[in-house]
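Each of the next two complexes has chain A plus one other chain: chain B in the first, chain C in the second.
Now for the complex of A and B:
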């Protein structure tokens, strides 16, 4: 038992407690996922454009990777050749092709089924996975010309979902299926240097007062606060608040808390805020047509507002919406409206006003990317990984996150099974620059890893658990990208 | 140093409340760390005097034993299950190298809140404890720790008007020099977007005038019953005039000639009210509340909240205009008060009103109609920003026993204030005046309309 342990277990002392100053945070968000406002946002486009542009943009890098690997690949004296179009593959010829993966799964929801079938009975609850156990799933590869079915013993070892762009090596067999021997993905894109954008801006004369790169603190990451209207289950959130403010716990923790320079809230701050009620919500609700004003409960948003407003005087916050937040449901989710935060508004930018400095309270998109303390951070509310999870066997979220980065896609399954804005000229979900930190919120449990790319890229992956379930706050050291966990809990016997 | 003992004794023992270190630090304006020590001191001393008179909860920080399974339950019981599930999944079905958790050990710090009876058990679960402090004190053991949330909820409402950037330093909150906040603060949503600006202003002045004579009462509660007693002596409608809110916009008959100038001033005020300095409002809003009796408190609150974002501009012109308007208003107010006092004096004797009635009754038979229209005309309405406020003259039915012991029902003109909440009364329904005593006198009125016979009494 150290001395510091007993510091608060004694009678009031006259000595002054130090006032702590918080480590500043360098913050420079990117507007990668901002959609056009108002009338410039259209929904008439076909989703096919997304796949078309995605393939067009990612074909080149995949071809490079594949060409390097398979240029002098020989089986029985036959050299692998590149075939430009999927339909141009000839039977028995060793070749490689590039295309978009499409997963044909009987259990996958299909919008055409929804339209053509009349449902007289209640639909079954949503499935945890689309995979069917008896091998009815088919993997296809398609490009502008057509589709070819992939097969082979190599495939089940690979993590594949609809929408990812891959190159496959093999031959077409007698059944007209493509027997895959090897498979390549685009892999990690080029990674900017730390402080890269910052320095270019400094040289550009935009940001003169900050030449040096200050010693960075830590970024606190939390997701799934899950504030609902019910009272009496938010004490852990209170403890989190007090910890971040540096009021709770002992002097050591307070000093540690002062080193936290930013809070990132990765989605699902409110548990029932989505404008489209879930199946359970609909079932629970009694039939009533139209909008029912009595059903509206302002308490969760008010409480979230007060919570964040209490933190803001001390801590800058980046707030991402999530699946259950009152934002639009299709990706990219746009920032939560400032009207939801009457108390926090004073800390955010005036809407519609462009400013050089980002807001102290930054309501961001989901997914979102930006530079925090020089590092490129890519964060998402978790729907993307949750949807990939349904396509593949296994539970390893980190592996899925890694795959998504290597596919260079933030939301590979959009627009197939993930709601998405119909991008037309470009697929915004393509990762053009490799982040240093990839954060995904609302995962079942905390996990982290560092992955490396072919050109020496290093990415810290963090799966952030739901705070409501686990009480875990993740601290990311912004100097060495080390991770630690602070777990809040109540000790109660049942 | 005994201040905190008093505070804790009052709140924990007398009021049976839960006091957290944060609540204590806010209440006494001390550093939260000092508040933790205060709680400890109080807990020790009181329990030394009388065992287990105060119950405490502790916040323990440190690292837990890795092998010790988390025994915490309660809220997270469900979640523990799901966690377990995913753990087993991990071990059974995931052959992939668990890169992250495998190669580097992630430090996990635990912050656990526990009741004092569980303290030792929790301590045993920890491998290393960095700090323990009392989180809260309460009069007895608590079943559900969640009720501690109320402390923070109370803090967020009670000290909402404190500027966190200025006052939080004393509580030991981590300061941030880089905080960016817009200078123009928006009001919290509770403030109605459109507030009748003129009315509250007058309220304040009226309040000031009155409070000069009356000793200020500290609590609204205290004054409530007293006012009621006063009101009882007079007729019910005499209580209404002191309502400060609507005075501006409405006038009794006697002051009707003032209507045009008054409207002007109120309009003037509407346009200048934004320039009103904050100090005045906060100074006078307190004495204002006792007077408002049954006037909704919300109005006072709205007023205060609106102050927050008023732009403080006062050019010379405006000041002059204001001063003039104020003078006018004061005079009118005074006059009105006098008039109303007279009216009040008149009201109780039955004869005078009866005579009045008779005078009016000498008019043609369509009397009710004309009266109605008069009543409508007399209703003065201020429409400010879409909100309708004002007073109107209505006929009120009044029942009383006369000397012979008969019940007499009379109609008397009375002023009542109304707002947009109520629908505008199109016609004050002429009420039948029939009682045995009044029959002879008022027979004419009774015969006027046969429907009166069926009218609801």
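Now for the complex of A and C:
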């Protein structure tokens, strides 16, 4: 009589296993990066408007920071004075000026190179960094009056890219260059309270606060799914689905997964969304008239659609486009059109309809800003940080993300080396309210930090790695802003 | 020569179609080599740009010997009568939006209130002050009205941003929104022009010059 077999020959248990319910997610997106549609979107303006509005909007905060720091600054008995125009500095006079940084780098992509490329046979390979090895890079400060070159041993220690607004203290030397002694940036803007916007909107309607603010769960963040429809080996993505739906592992993991209230997909869900053929490819391809079925492969978007539709009945999703997704190339990338997702469409708003509640499937812009469980979240698909990476010497992505927040610019290099819409009335890339969480997707590896600001602001920075390479899913606890990593991997017998 | 082919008398008579030729040196379509699409007006023949009169509006069907009058007035007639280019159309749309916004809003904004109170004498005084600030007398401005002179100075003031690609009223509103304190006399002149429905005054003069197809590059 073997007891082990009796275990199987039993009547159904009378244990009552309770149904696990997912924690609800409170969601209130902002339309900061939405562009006008159709004929209302104009391109006849020039990028000078964008630089002008950026300087005009950030000049006052920088001047305040600089005035506080340098008002009573003395070197050799001389006090620093503020000079209004960049070109009005006098030689030997200790002063401080405010302007836009411009990095003159010979290895930066130049439109003239594009034109001369037509005469060459092969294009040079794209560079990882624009910094030139022998100090040919020049840093200049620019405003409406003109540009002045910045020098000094203070500069190499600073992280600077084209487009950030800074105040520099120093003097003009004999060569006509500005010798920098100190540098100040606008630093983090004012941070709203958690649930601040929710309370102001609720109070506008009714006065009772009895429902209060619900207990928040966790937000799952993933980026770089890289679906290309070709491979049969998508086991990691399937494991991710099972984990999020609570189908995998044991009861403890399922309870943990039930606490996940939202999924944020931060870009690059499709690996080859908009192949822009290079000049050589176009010349090589024979001209075909009409619809060329070999040019478009619908498999990746279908696969992504089915994947998201499997998750949607149980989990709300915010989908950001990335560099390789079928959205527009220039920032801010507009939301992926619901026409791409025939199954997920049922969960999203009809295009053109606007309501307070965005629905469970929210296709968002890149970059994106919104309130999730009361916290202000700023998310980006990674192109902005990757571009800043090319300008600076270091490798630390978190440091670059911190600098971007302190410069108050989501995309500092925007019109220069990052394609962008020409904003005319105000530069939409300026961060006016400090987020609580800053998420950047498609980074080479996972990293996180908490930075602090001068007025007590605290921001959680998260660099999300590519899921295709690392198999990592980030869980952000929305109560205390703590971060966990869940790694999906295949056991391979070597 | 090849013998003449007998045409087949079937339902489809092939002789009615002339032979199609590909890779022919005589292309039907012109190669697009123009510097910018803004300069293209497909219906206009290419003539000597010095003969501005020949490029006057469609309904005149001008002959090259039309009397040469003031260049600015010809450009103005042409701008209004021919279909505007993308840049012009965008600025016209901006100007009309500004006017619509003013009309819709039941009450005007505080700066507009102040601007409406500005009298002509104050505008003249403002202009005299500005003229006094410059060391040299202004040249090439003899034929311009006071409003146009004030507006041209407004365009050239770089501290309020670039003047190209934006309607003057919108530029004033933008400068005001950014806290740069643009002069209220300029707003007064712009409101007067807006009331007169003078859409031409909304586009900066340098904008017209820079995007003019008379520029031979």
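Rule of thumb we're sticking to: the second predicted complex is superposed on the first by the 444 of 494 C-alpha atoms of A that agree within 3 Å, B and C clash if a C-alpha of one lies under 4 Å from a C-alpha of the other, contacts with A are read in each partner's own complex, and residues count from 1 in each chain.
One rule holds in what follows: a contact is a pair of C-beta atoms (placed from the backbone, for glycine too) under 8 Å apart; a residue touches a chain by one contact, two chains touch by 3 or more.
Please read all numbers here as calculations on a predicted model, not as lab measurements.
Touched residues of chain A, counted separately for chain B and chain C, are more numerous for B. After overlaying the two complexes on the shared chain, residue contacts for A:357 are found with chain B alone; chain C is out of touch. Using the contact criterion defined above for the overlaid structures, shared-chain residue A:78 touches neither chain B nor chain C, since it reaches no partner. Of the two partner chains placed around the shared chain by superposition, neither chain B nor chain C is touched by A:113.
By the touch criterion defined above, A:48 lies against chain C but remains apart from chain B after alignment on the C-alpha atoms of chain A. When the two complexes are overlaid on their common chain A, residue A:193 makes contact with neither chain B nor chain C. Of the two partner chains placed by the overlay, only chain B lies in contact with A:396; chain C stays clear of it.
Look at A:235: by the touch rule set out above, it reaches chain B but stays clear of chain C.
Common to the chain B and chain C contact sets on chain A is no residue at all. Residues 86-87, 90, 93, 158-159, 161-162, 164-166, 170, 174, 177-180 of chain C are the ones that touch chain A when the two sit in their complex. Those residues of chain A lying in contact with chain B across their complex are 1-2, 4-5, 7-13, 16-17, 19-22, 24-25, 231-236, 238-239, 241-243, 245-254, 257-258, 306, 310, 312-316, 342-343, 345-347, 350, 357, 359-360, 393-396, 398-399, 444-451, 461, 468-471, 482-494.
Partner chain C is touched in their complex by these residues of chain A: 42, 44-46, 48-49, 52-53, 56-57, 60, 144-145, 424-426. On the chain B side of its complex with chain A, the touching residues are 1, 4, 21-22, 25, 31-34, 36-38, 40-41, 44, 59, 61, 70-79, 82-83, 86-87, 89-90, 93-94, 96, 98-101, 104, 106-115, 118, 121-122, 129-135, 144-149, 152, 156, 164-165, 168-169, 171-182, 185-189.
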